[in-house]
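First comes the structure, then the notes that go with it.
Chain naming follows the written order as A, B, C and D, and within any one chain the residues start at number 1.
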Amino acid sequence: MGSITLMHYLVLGALLFCCGLLTMVVKRNAVGILIGVELVLNAANVNLVAFGRYRGAGIDGQAAALFVIVLAAAEAAVAIAIFMNFYRHLTTVDVDRGDLLRG
Amino acid sequence: MEHGNLLNLLIFLPAVGAVLCLIVPGTRTVKVVATATTALVMLLSLGLFRHFAWWGRGDGWQEAVFGGTYGERLYEVTRLDWIRLDGTTIQYFVGIDGLSFPLVILTTLITFLACLASWNIESWKVGRGVRGYFALFLLLETGMIGVFCALDFFLFYVFWEVMLLPMYFLIGVWGGPRREYAAIKFFLYTLAGSVLMLVVLLAFHFYSPVRTFDLIEMAVNDRIAAVFNAETTSFLGWKFATAMFVFLFIGFAIKIPVFPFHTWLPDAHVEAPTPISMILAGILLKMGAYGLLRISYPILPAAAEHFAYALAVLGVINILYGALCAMAQTDFKRLVAYSSISHMGYVLLGIAIMTAAGLQGAMFQVIAHGISSPMCFFLVGVLYDRAHHREIDRFGGLWLSMPVYGSLATLGFFASLGLPGLCGFIGEFWVLVATFSAPFAWARPMAVLAAVGVVLTAGYILWMLQRVYLGPARPEYESFPEVTGREVFILTPMAVLAVALGILPQQTLFNFMNGTLEQICELYGDGVSMMASVAGMCLGR
Amino acid sequence: MSSLELMLLAATVIPLGSFLLLALAGARLGKPLAGWVATAAIAASCVLSGLVVVRWQGMDAAARAAARSAPVPWTVLGDVPLEVGVNLDGLTVAVFFMVTFVSTWIHVFSIGYMAGHSDEIDGRSKFHRFFAFLSLFCFSMLGLVIADSLVLTFVFWELVGLCSYLLIGFYFHKPSASAAAIKAFVVNRVGDMGFILGLGMVFWFLGDLSLAGAARRFAEACGDPGSALRQAGPLGLDMATWLGLLLFCGAVGKSAQFPLHVWLPDAMEGPTPVSALIHAATMVAAGVYLVARIFVLLTPQALLVVAGAGCITLTLGALVAVVQTDIKKVLAYSTISQLGYMMLGMGVGAWIGALFHLLTHAFFKALMFLGSGQVIEGCHHEQDIRRMGGLWRRMPVTCATFLIGVLAIAGAGIPGTSVGLGGFFSKDEILAVAYSRVYGDGTHGARPHGSAAPAAGPWAMTETGHRSALTHAVPGVEHAQASAPLPALLFWVPVIVAYITPFYMMRCWWLTFMGRPRDDHVHAHARESALMVVPLVVLAAGTLVCGLVLFRPLVAEVAPAGLLAPTVDGHELHEVHHALMPIVGGAFVVGFAVAIALYARGLSLAAAIARRLRPLHRLLEHKFYFDELYGLVLVGGTHLLKGLCDLFDRIVVDGIVDALSASTVRLARFSGRDLDERVVDGAVNGVGRTTWELGGAAGSLQTGRIRLYILLAAGGVTAMVWLALAAGG
Amino acid sequence: MTGSNRLSIVAAVLVWLARAGPVWARGPRGPGPADWIGIELEAVMFYLLGGLAAVCAVGCVLSSRVVRMALFLFGALGAVAGLYLLLHANFLAAIQLIVYAGGTLVVIIFGIMLSSASAAARYRARPAEKAAGAAVGLLLLAGLVTAVGRIDWSEGIAAAPSAPTVDGLGRALLTTYLVPFELSSVLLLAVMIGAAWLAGSGRK
């Protein structure tokens, strides 16, 4: 166990990111997709804060992360509202059924 | 050149209204907002009269309207630097003169009436949003007023495109069964014209010794004229002026529309909802003629003279071909659409012969058709709202069951037919007489052929009237409700104007625009001197 | 404006007010009242114009000239100002009075007639609509009479046509009525097409569209040998002739001259008072009135054409009238024939005679049409004279007044004296002038017009000016023609027709009123209506006295002076009239006698003759097959053309667009080289189709599934990451 | 629901840590066992928390029931909050827990419960999709890790420790980031209204 460097955090961020992405791709449940998005955002946050810590950006990284959290919360609220609507219209949470926009 | 902000208000107020339409709650509120916006714009546009009418100018009226040379008497001018390119500046340059003033008034009026005509949008059974419709509708008005006010070529082009897109959606989303086909056809035709116009826009800019997009300056600057009209200036192997004129002409011909480029119009009209047809026929078609008179003819007079014959031939073809096609239609709206093609032929013919009388006739026809054709389309729409079909042969005897409607329809269609005392007459008559006396040897046969159109027009309109309004009453239409107050309210201004224009052409129109038209005629230079010599020879002086 | 002009103007505008009132509130006024409003309006006009006539008679030439004021500007055509004003002269005054007077009584008649005829449609009363149209017609007609510029004339000319259209098609629930209305309007439009082109020529060559100005410039231009008007035009006629001929086209349409006469008989589909007012008395005379107004713009060749058209028309009309059995059709064809006489009169230079005939004809033809209306109304819409007969018992007043009309049209009078009815003077005057033009010494052309020639007014041109203009302008052939005798046919054909006219009129009268009733049903119900009898009596009285007493001097004084064709007047009239007496004086007696002999014993004798002359009879019965010919060639041709245009539009124009697009797509798949060529060719829809198809291909990716989108985006990012890594070494 | 218990314990620990501040960051920093221990502890904590986050994230991917996914997410979020503590961002850590665990996650749970009829239903992606997703995800991960690995990150190691960041963050939000801060408040308002309208608009 050497000392922890920025790289560790970045790798962890990448892992979280990929997991979030995969969650979005393989889940047919709308909530699953939302969860994936949250994961992706968290991955980004980890990177932001880590960069702030290790690259002397000081408080900026944290501030950015803070905004991301705020946006994520907002996004979650809207997404759940959309999801409720979706469910009400199609009585399912299967996003594959929501293909009205197909070309 | 008098500065003012009224035009900016007219151009952007509808855009503000469009945004409002998107955010206010309730469909009824949306309608109220849209109607109030168009009404406000119309009332504001009446303020433009103070520059042109004798009561606004007092003693200076004569000079204000008829004096000066082209581009000297501009009103409500706003001139701001917009985009800086190297060597030149694209300007936000708007203003009106006698050429655009009647068209702006026409635009605001017809838009207002069309907006009122949209109030029954729920009954169109298209199942699409009210909000988007009115927002696009107001955006369209911004584009249209902008086109008529813009004096910078680039700005003109921008507004031209701004107008195109809402129209595409209004036809394509709120239209009839074949709306996608019609909308795509409209869009591609017009886009093709736009592309050619863009080529001209760039060519003008790069060939001009003075880097400018200013339409007035391009017309009056001798250095520019010398380069543009020189034999040696060539564009991809063609003579520059010739190539530019042809490109521009195709762009505008699509809009007018001129014979080989006309097939989008019937389709677009048939599929478009009634108010959009009103705007399409009443205003959009006029942009082609306006563009010719604002851009092609002042800037490229020599090429215009070179092509006068071709244009006149196309005009005559339009007149006869449109009339004959109209006669063959069984769809009421298609018939009116083809009659528009026929009537716009007079406009093209009047412009092509390059005389003051011809221009007067053409512009009068533009405005007169801008009043009579929306009226006709609305009359068709009134019928369609009740019968839900437009087959001419399935109607009959409607004057019996709907006497008020029948009377208004008779008035409208006779105005379109060109009955003296109504607006359609002056334009046709002026163009025919002017063509007959034009300084070209081929003008006489053209006039004779065009005069045949007078008979054909009477033929198809009366035949249509007979099949739809006259004849024995049919039981299925017995119960048709008479026109409603709203419909009468929409028809009345057009009916009154149709009569007023026919009886007092000078006071209602010629007083405002003849000055500018004469200035444009002066720009023709060679053409005018030739005409003077021929006329002098004819009169034995 | 002088008070006289104001009075005429007011008299013109009053019916317009009545029209507006009836159009807006007619339904509320109700049945008899709406009619009385219109009648009151036209009666007021009549009173006003009567006052004008009285005052006019009391003025001397200088006062008359002073009463005419300058026109006011209306608008500008090019740089030619168009002005409007009242064309105040004797002709205007006379025709104006005639129109208002006849109209007033026809209005009165209509109230009675339409009471039973306007409610047929659907239970909705169109009574007020009828009178609204009638008022509009009066306005237009009066406007046409007082118009002092060619453009204004044309405006009212068309409005009159519109009213005619509306009134012919009044019973528009009947397909035949609306078809007749269209026919009338379109045929008139054909003539108007020429009229418009004529106006174009006036604008081009003369640069002045007022009647007076055009006449002045015409004289000037003809005086200039280098003038463009003197250039040869198509068909070997010079431009000046073409100018006149094109203007004359309008008159051909409106006055139902050959070859545009086909609309008038069909126009009888309208209510009978309309036939009386519009299609007999006033509107159809407008063509003759126009020719009178543009007389100074007509060259000798043009006048020859006018005379020829008139001659053909009068023959045609009379011949067809002989075999007609519909009482209104007989009258219609007799109208055509009489209009032919007027045109002939104009053509041979009997300017006064023609207008005189116009005025007298208006009275007696209106009278006869109203009489026929009375008969039709009384006999329950029976119009076939073969089913009438013996009606004099039931309708004595109608019978008597109708007879007066018949006598007048036949030109009855006591030869050798000045005792006679309208046609006796007017028709014979036309024949007299024709005679003198054919067999005269040719000096008439140079003869000054005599005492009646006025020095004032727009029509006054110095005699030398005009004559020198012609001699200079028309050297050689034309000058010779101007004074050369006219073809003898132009005299003999009308003379022969003058024998036919009394025949068919007497035939009509006899079959209707005399003999034994041939249809008991019709006869039993026949009755006269009091309201409708009054106008008959008044118009009969007018026919008896007014023609000669009032109108001829009024007209005569404005006759264009120094015409190349002589105008026989005053003293000279009697001379030639007497000379012609052996030829035409007894025509009416002969015609009447033959008709009575033929029809005294009913229809059998005539039927026998008709069987014997079957081909001729059929030819006449089918009106020389004009309708069939026009229907086949013109209407059919237009329909064919229209169909071709439509097919062209659908198949060729749209087809090219669509085909280009289709082939673009096909070739685009096929080969890039072809694609290039086609795109350069530039098919609008081709581009569109290609775009569409590309979009369609891309659209298959557009599954609407959000997960797939995410996967694709992620895949794209992955690819980019690896690309960046590869690029970075 | 063992997962949830475990996670809640971790969360409690983290909250305590956040309140107390990182132990290894207290006091003057100098060479000595404490530093070593601190560094060691940091590494231990990182691997612990990072591993937890990674495990939870992978659990999110693999679990097929949405309720479990939500709990895994909760775990991941908590672990990330711990990482924030490691990174001296204690305020952020608290916010992470409060906003996510207290807000977002509750919202998600509500969403799951409101669509309860089908919440239990398992919609399985097709194997091909899974394979494609896995391929893309792994490739991307590999790419990212390779990219990260290319660079020597050791240079700027461990910037000077700072005081608890709440103060600085607050100042920054009201000075440097004032505009975004205000904008985000507007955004939140709009989202509040919009979400309420969206959620309600389906009911007529």
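Keep in mind that, in the parts below, a contact is a pair of C-beta atoms (placed from the backbone, for glycine too) under 8 Å apart; a residue touches a chain by one contact, two chains touch by 3 or more.
Note that this is a predicted model, so its numbers are computed, not measured.
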| Per-chain Cα centre nearest the global Cα centre, belonging to chain | B
| field | Rounded Å distance, chain C centre to chain D centre (Cα mean) | value | 95
| query | What whole-number Å value describes the gap between the mean CA coordinates of chain A and chain B? | reply | 54
| query | Cα centroid separation between chain B and chain C, in whole Å? | reply | 35
| query | How big is the gap, in whole Å, between where the Cα atoms of chain A centre and where those of chain D centre? | reply | 9
| Which chain C residues touch at least two other chains? | 707, 711, 714
| query | Which parts of chain D, given as residue numbers and ranges, touch two or more other chains? | reply | 125, 129, 132-133, 136-137, 140, 144
| chain A: which residues touch two or more other chains? | 21, 25-28, 96
| said: Please classify the inter-chain touch graph. Allowed labels: line, ring, star, complete, other. | reply: other
| remark: In the complex, the residues of chain C that touch chain D are 707, 711, 714-715, 717-718, 721-722, 724-725, 728
| Which residues, counting only chain B, touch chain C once they are in their complex? | 184-185, 188-189, 192, 260, 262-263, 321, 324-325, 327-329, 355-357, 360, 397, 399-400, 403, 407, 414, 419-421, 425-426, 429-430, 432-437, 447-448, 451-452, 454-456, 458-459, 462-463, 466, 469-473, 505-506, 510, 514, 535, 537-540
| note | The chain C residues in contact with chain A across the complex are 695-696, 698-707, 710-711, 714
| note | chain B partner, complex, touching residues on chain C are 23, 73-80, 121-122, 124, 151, 154-159, 162, 165, 169, 172-175, 178-179, 181-182, 185-186, 189-190, 192-193, 196-197, 199-201, 203-207, 217, 220-221, 224, 226-229, 638-639, 641-646, 649, 653-654, 657, 682, 684-685, 687-688, 692
| remark: Interface with chain C, chain A side, in the complex: residues 21, 24-28, 33, 95-96, 98-103
